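Each in structure tokens, the structures are laid out below.
Presented sequentially are two complexes of chain A, the first with chain B as partner and the second with chain C.
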Partner chain A sequence: MKFNLHSASSPDHAFQIAAGLKEGWRYIAGGTDLVIQLRRGVREAADLIDLSRISALRTIETSETSFRIGALCTHKDLEGHAALVREFPALQAAARVVGGHQIRNVGTVGGNLANASPAADVAVALLALDAKVHVRGPSGTREIAIDDLFVSSGKTTLQPAEMIERIEVTRHGDRSRSVFLKVGRRKAMEISVVSAAVSLKFDAGGVCESARIALGAVGPRPLRAKAAEKLLQGEVVDAALVADAAALARDECTPRSDPRASAAYRTAVVEGLVKRAITQCAAALSR
Partner chain B sequence: MNASPPMYDVVGKRLNRLDGAGKVTGAAVYASDFSLPGMLHGRILRSPHPHAKIMRLDATAARKLPGVRAIVTGASQKLNRFGNFIKDFEVFATDRVYHIGQAIAGVAADSEYAAEQALKAIEVEYEPLPAVFDAIDALAQDAALVHPEWQNLKAAPIINRDGNRCGRTVIKFGDVEQGFRDSYRVYEHVFRTSPVHAGYTEPRVAVAQWSGPDQATVWCNAPLLFDTQSALAEIFGLPASHIRVVVPGIGGGFGGKLRLGMEHYAMALARAAKRPVRVMSTSEEELTAALFRQPATIELKTGVDREGRIVAKKGRIVVDSGACSGSGPLVASTATMILAGPYRIPNAEIEGVAVYTNNHPNGSVRAPSGPMPNFATESQMDMIAEDLGLDPLEIRMRNILREGDIAVNGQKMTSVGLAECLEKAAACIDWSQRKPEQSRGKGLACGWWMTSRGSSGAYLKLMQDGTLTMMVGVVEMGTGALTGAAQVVAEEMGMQLFDINVVSADSLTTPYDFGSQGSRTMFAVANASREAARDLLTKMRTRAAKALGADEGALEMREKAFWNGEKKITFAELAAQANAAVGGLIAEATYIAPAVEHGAARVQNHFSPSWPSPSFHVHATDVSVDEVLGEVTINRYVVAQDVGYAINPTYLEGQLEGGAVQGVGQALFEEIIMVNGQVQNGNLTDYKMPTSMDVPPIEVILVTHPSVAGPYGAKGVGEPPSIQPPAAVANAVAAACGKRIMQLPITAEKILMD
Partner chain C sequence: MRRGAVTVSKMKELNLKVNGEQWEVQAKDFDTLLDVLRRELALTGTKSNCLEGECGVCAVLVNGRVVNSCILLAAQCEGAEITTIEGMADGEKLHALQQSFLDRGAVQCGYCIPGMIMSAAGFLKENPSPTPDEIREGLCGTLCRCTGYTKIVEAVHEAAQNMSAK
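Up next, the complex of A and B:
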């Protein structure tokens, strides 16, 4: 493994550096995905543009309506932001189970999204929160719904030289709640074998106003179980409905077998996991 | 702990270890820290084929790359075959490869990067040959032979070979068939285990330097100095004394470094490059080309009477040695004792078989023969208990060996702490509440192990400051074994622990030792050093008596001095006098554990037919199973081990805790997944050792039934704690959710789907 490292002080500086490089360069933030890929020869890059010094992109901004999370925030930054995690417990739950302490100290939210692993934990949580992804490229900025960011394993809709600047999650107040659950062989340092994030919003009468179910490691990208979501919306969430929704979610998955687990196990487990996540979420809301 | 043992000044105390400060502050030098001026970096080209003929190997392009200093292949240097029991290893393949990961060539270059680039430029053409990957398949008459020329390979006479079978041991007595006919019930099961890595943190590494055409030094992390030295001597066709093996420090071994790692590659490359060369395996190489614990298939048939007492036991363990026999024959042989277990058995026929396959060669991992057969025996014990409606604790109490019983090898058992271990472990885990709630249950497993024999030597010299230097030929593996041995010497000499200076791990300067293996290090080194200390004290006393003008018998030894009434001569003064007058005060001694009598007629081709200073152990665990996800959570884990005597309880407990955690790894998480000889999870993302989140604090109970041979009654302790976890966890999982898992590891997927 051998590469030139270029440190960027701002997005524009990064674009400037990029303009002077031959094709085949990449951004690097925490490097916890990329360096391993380079070492294993899964990816190649002669030049890396280091974003980790762009401190402007390592803040979490709070407004009346949303939180705007800088792409360079680490998992520890997320985990430790009291206001954010109070409103979005799924984010904390996901950030907290990424690797171990060392990984969470350097791995970033932006990297977790841009790497586009179907098993990425924070990506799955953000998917259930309908996050908006603010992207900047040499020719300007744009906003992508997170569901439109992922294409397939390792592939996003980001254009060459585009970077993720911020991720925005909309606040829904007391009547919404989110849960993230993960299955793996170990209780830490574990890439999800299956993960599920559920976000529910109930109206004053306890009827489900909106539901989001995001699943990890059961398809080529972090995916939404949209049929299951639809089943819950407009209904009072009871045990029978949860069971039906979980079964629907299971059928929306197309898991693969790999050394971590068989497709059959993933299929069996995703149903139980979704059932548990919805149940926990609904229970928290009706408390 | 047991009732008030005699009090000593140094032994039995929780003293800080001699090597502690350096390791905590980072000052300690490990083999991987070691470097020499002008040193090159070596990398190894490995076979991508499980079995193939090498049609062409061309390193011309690679040689021309910048920074490349030497390339060695099987054709470029004449190197002899090697291997513990059978000479079936080649340093670099000559005309054929027989496993993926087999070394084909080595490159020495200015940097690791340059060496790696050169590997890619070496051109090799292969013609694939038929291969066999399953040990049971490999035993079939028509199986492809891994070594078609097996009859020409030099082998130790004890090995019983036939084609792919590279070892077979039998224990047989009584009449098993009649026993089965006489039994109330007969149970027959098959269990399987997976290969696991030894889990040391520091990869295998060696730096080699030649100081002439036939003289070399190797700095490495090998636990067996003299075995490594003679293996290298054999490979390079040199007298052993021409090769010096030095271990600057070792970052864990757990058996996985017992056999040659990188030493032979470093030596071959250094000879070709005429420069010092360092070769260190990458973590990927560690997980694809290390010496793993052999996977095993265990067939076990047991007949019992109405009360659950064993009437007859017939078993066969087949271990997959991989493409070279390595430790396999020994592992299969010793496994017969574990498969029998620490039980009274009137009729038995137990077979241990080692088999060649085209998988990567395996080696020794902590208690090499332990966990696989123990998993089978102790799982089946619970299955029998369940079928008979007996408590698993009770069925063991009815069958275990007790004082004076004859074990399967015909040996009369003494100092048997097993019943006490069972009682204490069960009490500690609150056994009467075996299924305390839904999806939660407790399991236990018992076992035995030996303290390996093999000899140790020790040199002692009294220093002129009155301290003592002790030179021994083992390596401190991190267990605290040398601190323990030094405590024994200090006790004998009336000194403090930190008065003992330990010199070790250099084949040139230290006396011969069988090495840091087999739960014997502290045991044997302490016995040899203690003997030398006694001799030294006699010499010191004689000189002291002369100096004080007194009778030897009248002298009193205290405060590092000999006293005659008010008059004294200190150890320092004695040393100074002796240094001036007679070349100092020195002593030496050697030790080998006494042979233990066994029934020779009961065993065939057995490597360790007697079982010296056996230790006894019971593990008990309390687990919960998530019945939706299959996930297992260990709530509590208890280890009760008969350690004979605790020379330093702190480090002893450390061994039992660490061993149990390692065993839990094999029980729940770890497996080298092989498909057609190719590792599927060759990285630390997917090879999963337990984290601190996966294991609760291990609760340790020390049981002390002293061994006659052991220093202060100590027994070997290091390996046993990793034997029982798979069975204990399997039994607890079965108690928790009713699922009996017959194949390791016990994954959520097996619990949910099988």
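Up next, the complex of A and C:
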């Protein structure tokens, strides 16, 4: 593991540094994935541009319509933000099961997205919340729907010098709710075998106005179960409908076998997990 | 000097406050905090093992928060306050966690204990009066391969009580 580290004081400073480097550089924030990948030789970089000093990207801004989470917020920053997690319980549930405390004190939300692991917990929760990803590059800013960020394991649609600045989640008021559930071999310090996040919004009459179902570790990237979402929309969510939606979600998965679990196990588990997540979410909304 | 494709970076100055003392040390860009603590400052209480952030025996506090020093780049700690196991005791007087680990016999081979104590110290700042289950979750990032968790959890519980009684 050998590289030169360049500390950036702002996004523009980072672009200036990047312009002077030969290809093969990377950004680093917390480094909890990247340093391990570099040491194992899974990724290589001759130069790293350190973003961790850009303190402006470590704030959570609240407005009437949304929360804007700085990409450099750690998982602990996220789980400890009372207003944010009250409104989006799925975010807290996901942030507090990422690694152990040592990882959550350092690993960042932006990194959880940019590293693009199909099993990334916070990424799955943000996918169910339809987050907008605010990206900055040398030629300006753009906004990406989170569903359009992930390509495959380790690959995103970010262009070479682009960085994630903020992640925005829209507030939907009292009639919306989110849930994140995870299955692993143990309760803590575990990479997800399967994860599911569900976000539902009901109208005043208890009819499902919108549904988002995101699944982790059952495909090459965090997945949306779009057929299952469509089934719930415009309907009163009862047990029979939940069972049908969970079966549809299962069929939308393309899990792989790896040392943590077989594809068959993941397929069996995801159906039950989705069923439970929708049921919990709907129950919280009808209370 | 060239090694492989990468021009090996020179030593740079790094300012760290370690266990209350200000240090100016020499570090390469790819040194981890663990490398600097053990090699430059000879603080070998912090252990080196998996080097992948899995086992937690390298845990130290950076600005009061527990981190794995094996995967944190030293250069990213410029200006930070670091506490290692060597900085826990106050002179001859052991920290409450060290004392309770001794009193409870929570140490088997001992290799994970500096990491366990630093993990517990970080965790107790966030949750000063935890239940035994919360302690188990709080220590989840540090592994004891002797599997001596029962007494470790008891020791942390006792230390928490002693610390909040003060």
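Quick note on the criterion: the second predicted complex is superposed on the first by the 287 of 287 C-alpha atoms of A that agree within 3 Å, B and C clash if a C-alpha of one lies under 4 Å from a C-alpha of the other, contacts with A are read in each partner's own complex, and residues count from 1 in each chain.
By our rule, contacts are C-beta pairs under 8 Å (C-beta built on N, C-alpha and C of every residue); 3 or more make two chains touch, one makes a residue touch a chain.
Remember, predicted model here, so these are calculated numbers, not experimental data.
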Contacts for A:Gly41 in the overlay, against chain B (first) and chain C (second): which applies, first, second, both or neither? neither
For A:Lys2, decide between first (touching chain B), second (touching chain C), both and neither. both
Which of chain B and chain C A:Gly140 touches, first, second, both or neither: neither
Check whether A:Asn105 is in contact with chain B, with chain C, with both or with neither, and answer first, second, both or neither. second
With both complexes superposed on chain A, which partner does A:Arg276 reach: first (chain B), second (chain C), both or neither? first
Where does A:Ser262 make contact in the superposed view: on chain B (first), on chain C (second), on both, or on neither? first
Taking the superposition as given, does A:Arg185 touch the first partner, chain B, the second, chain C, both, or neither? first
May I ask you to decide whether A:Gly205 touches chain B, chain C, both, or neither, giving the answer as first, second, both or neither? neither
Which partner does A:Gly20 reach: the first (chain B), the second (chain C), both, or neither? neither
Can you give me the overlap between the chain B contact set and the chain C contact set on chain A? 1-2, 36, 40, 100, 187-189
For chain B, which residues are in contact with chain A within the complex? 113, 284, 628-631, 633, 668-669, 673, 680-681, 683, 685-686, 688, 690-694, 747-749, 752-753
Any idea which chain A residues touch chain C in the complex? 1-5, 7, 24, 28, 31-32, 35-36, 39-40, 44, 46, 48, 50, 52, 76, 99-103, 105-106, 187-189
Residues on chain C engaged by chain A in the complex (per definition of touch): 3-9, 29-30, 32, 51-53, 56, 59, 62, 65-68, 71-73, 75-76, 78, 119, 122-123, 136-138, 140-142
Residues of chain A touching chain B in the complex: 1-2, 36, 40, 100, 183, 185-191, 259-262, 264-265, 268-269, 272-273, 275-276
